[in-house]
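In what follows, a single structure is set out as structure tokens and then discussed.
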Amino acid sequence: MAPPSQLITVIAGVGPGTGASIARRFAQTYPVVLLARTPASYEDLVKEINGSGGKAVGISTDVSDGGSVGRAMERVRGEFGEGVGVAAAIFNASGSFVRKPFLEMTEEEFMTGFDVSGRGAFLFSRALLPGLLSAVPSSTSSTTLTPTLIFTGATASYKGSAHMSAFSTGKFALRSLSQSLAREFGPKGVHVAHANIDGVIDIERTKGWMKDAGPDAKIRPDAIAEAYWNLHMQHRSALTNEIDIRPYVEKW
Amino acid sequence: MAPPSQLITVIAGVGPGTGASIARRFAQTYPVVLLARTPASYEDLVKEINGSGGKAVGISTDVSDGGSVGRAMERVRGEFGEGVGVAAAIFNASGSFVRKPFLEMTEEEFMTGFDVSGRGAFLFSRALLPGLLSAVPSSTSSTTLTPTLIFTGATASYKGSAHMSAFSTGKFALRSLSQSLAREFGPKGVHVAHANIDGVIDIERTKGWMKDAGPDAKIRPDAIAEAYWNLHMQHRSALTNEIDIRPYVEKW
Amino acid sequence: MAPPSQLITVIAGVGPGTGASIARRFAQTYPVVLLARTPASYEDLVKEINGSGGKAVGISTDVSDGGSVGRAMERVRGEFGEGVGVAAAIFNASGSFVRKPFLEMTEEEFMTGFDVSGRGAFLFSRALLPGLLSAVPSSTSSTTLTPTLIFTGATASYKGSAHMSAFSTGKFALRSLSQSLAREFGPKGVHVAHANIDGVIDIERTKGWMKDAGPDAKIRPDAIAEAYWNLHMQHRSALTNEIDIRPYVEKW
Amino acid sequence: MAPPSQLITVIAGVGPGTGASIARRFAQTYPVVLLARTPASYEDLVKEINGSGGKAVGISTDVSDGGSVGRAMERVRGEFGEGVGVAAAIFNASGSFVRKPFLEMTEEEFMTGFDVSGRGAFLFSRALLPGLLSAVPSSTSSTTLTPTLIFTGATASYKGSAHMSAFSTGKFALRSLSQSLAREFGPKGVHVAHANIDGVIDIERTKGWMKDAGPDAKIRPDAIAEAYWNLHMQHRSALTNEIDIRPYVEKW
């Protein structure tokens, strides 16, 4: 198989925080495709990246809907060619966050977590893995790229708390998927990783939070992006499957 | 609230192995309700229990279908009265087991694991928890019953293996649910537990398996049932949330 | 090899709480040997058990001292014969509990945890495993005894907290030892288990603690003993390596 | 307190593999102090670093001996001044590796693991933490250095295998220490991390190993060094406590 003519990064879940920082970081090296439910989540970012020497394409996508994900992939191929390779695919979508007493939860509410973190992560991975595999350097290549699939997890990927079952069943499933895919696609040359983002992220919406916790008590989105980039840069002889990221003051 | 006039055990997932053994064990003390997709899974067992001094009712139920679970609960109330209490509820359903390369898996196949172990466990828990709560002894009672909700997990609840993502995303979610419910309903007096059944179970279907592994290399269903009964008997000052069960020869 | 003429239980770490309850429970079936640093810890209990139809022997032993453990084993063989088998060996010793800022800790203080939970557990296991192995029924025997080695762990076996490194390095080591021994001696017929006792135990010394937490907020020692007995009773096709035990109101 | 006049990196456990790579990597930025039992382990490396524009000092040290560690610290202060700060301290010592049936192990052999990974890690941490704390930037500083203490762990930090108790009790203890110190010194501005190096390292001694596993089946020491450097570079709002590193073909 011919090597891909071009390598891109695809990011699902682009809002004002982590997703935007990841997009900016990977856009320093690759054209980036930004998937989000609505244009409002990616429009400014696409402009910013395209306006500063990078290349970004935003596509309105519902990652929990197979048809929507399929159409997004068609757009990607239309934009970058059938043979485009994927250097990095980052699943940063999280969906809404239902927190309520278990007996007040409807089936629909319970499913919200899995619909994004389970079904959505499945659809995203299934759509992107062929492009990731095609970007694996051939054995005669001198390049050392390890195409990378990263899932953004949370404390809820490791611990089920009261009133949080909708969120944490999805996040546990996400972590499980990360392990299954790492064990299947690692030996094929794709790096699969799960990041436990354990803390409040420092964005506009959380501005008033944790005011008494001192400076840097909230995670800088740029620092997450740097960690993701470092995962992408790892040599295939030394890959990380699970990483935790938390502020120095965090209790855990 | 008046204490329940009667206490029952409800078991979802009754086949020839673990479910049947659990039913026989709990039927020594409580009337048992057996839920399975088809009568073939419970008919003989219902006869056996009713014929040997116990009381059993079988109800055809699809645990992943809210309507079906609702109708099953109506049947239970019709049989045992509106105010029936639930001493123990055991979620032993597992669904089919899709094991295939990730890129060959359809969305429907991927969802099979979560439909039973996620959605099904949610529907079962939501349906049974009111009856479990009503069986918690009042503070002036001299009884020490701790109503018990047990989920049957597997190695796949802890580890995502290659080709197993459909199964293990569901089982991870199940374990997560067990933790969320333990943390919410433990303080209300309900014991919630997850059992990691880590090995081949010794049933008709597995008769030819592991022939060279020596005697007792497969888990006796009765031994699982005894472990579940012991969980149910635990004093509320000393509850177990997670237990692993495996044969002495098992590698792990 | 001839089967042992007699089977005993040996318990290290017998004080007013868990150890005493375990001794009483196992003394219902086996003669019990009680190891503790000083006679004050076992004298009354030995009298109580011997006075109520059981058989108990107390031996002053420092489990972290190989010579002391050796002399205790000589006493055991003197009392019960060279060929005595060990049905159950329970390591319940914990040592003192140094909790202080890390930079104020001396090397001696740091070692206190490991001296008991590491070195002591090693010495105890090495001394008792031959007797446990000799109690494994031969393949032609109709008995189903699974000789059992149980270690009493704690939350600190799973989580290293600030100021607790002396205690938790020892407890982590204890859990590690439990896994190594389970994997080596399980296939030889010995059941090895680790119990995470996650809560305050209800003994004289903790009488005033947790007054506002309601009834049964502290773990009943008898309930731990019952759990240990149930571990001992497990069929070898269905052994538990790790169990957690905590009060229904415990946060975790 | 005045900021340190100079910042150094101290590495314990410098041999031909990981330790040397870490030394080279950190020597690009800091003077490095290399601790090893014998000069043979560090002499060539010291020459190499000093000869290529860096600064390295080798000190023969037995990390499991408090006196030896104390003398090493005196040498460090003699070389770099009383007020020297520690930007990074890396505990890469492992000690010998006793692998044998449990009942053939002597107390001395069992203690070898803990003597290095427990006692040694304690002595190293206690000796270096004051220098790490002194290197934490003051609140008015514009620098973002997060002084870093990294422990090299292994699979045996997470799993106790048969015949491996001497090694894994030490490694479990090491991981526990890493957590205790992260929770105590994280809020004071020191980054504490544990790396699970899960695979064979590609060094002279392992040249003939895993020949059929394909290229890059053994971990490149330089890749571990890069991961450690990235840990050191993390912003304090986004610190990693545990990282796993394994080859893409590794089973786990």
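Each chain gets a letter, A, B, C and D, in the order it is written, and its residues are counted from 1.
Assume contacts are C-beta pairs under 8 Å (C-beta built on N, C-alpha and C of every residue); 3 or more make two chains touch, one makes a residue touch a chain.
Here is each chain with its UniProt name: A, B, C, D = NAD(P)-binding protein.
Since we're looking at a predicted model, the values are computed, not measured.
Any chain touching chain A that also touches chain C appears here: B, D.
In the absence of chain A, the touching network of the other chains holds together as one piece. Of all chains, the one whose CA centroid is most distant from that of chain C is A. Between the CA-based centres of chain B and chain C the separation comes to 31 Å, rounded to the whole angstrom. Chain A and chain B have centres, each the mean of its CA atoms, that are 35 Å apart. Separating the centre of chain B from that of chain D, both taken as means of CA atoms, is a distance of 46 Å. With touch defined as above, residues shared between interfaces to two or more other chains in chain D number as follows: 183. Taken as a contact graph, the chains are arranged in a single closed ring, with each chain touching exactly two others. Every pair of chains meeting the contact definition is listed here: A-B, A-D, B-C, C-D. Contact residues on chain B toward chain C in their complex (touch as defined above): 139, 146, 183, 186-187, 189, 191, 199, 202, 215-220, 222-224, 226-227, 230, 233-252. On chain D, the positions that touch chain C within their shared complex are 66, 101-103, 105, 107, 110-111, 114, 118-119, 122-123, 125-126, 129-130, 156, 159-165, 168-173, 175-181, 183-185.
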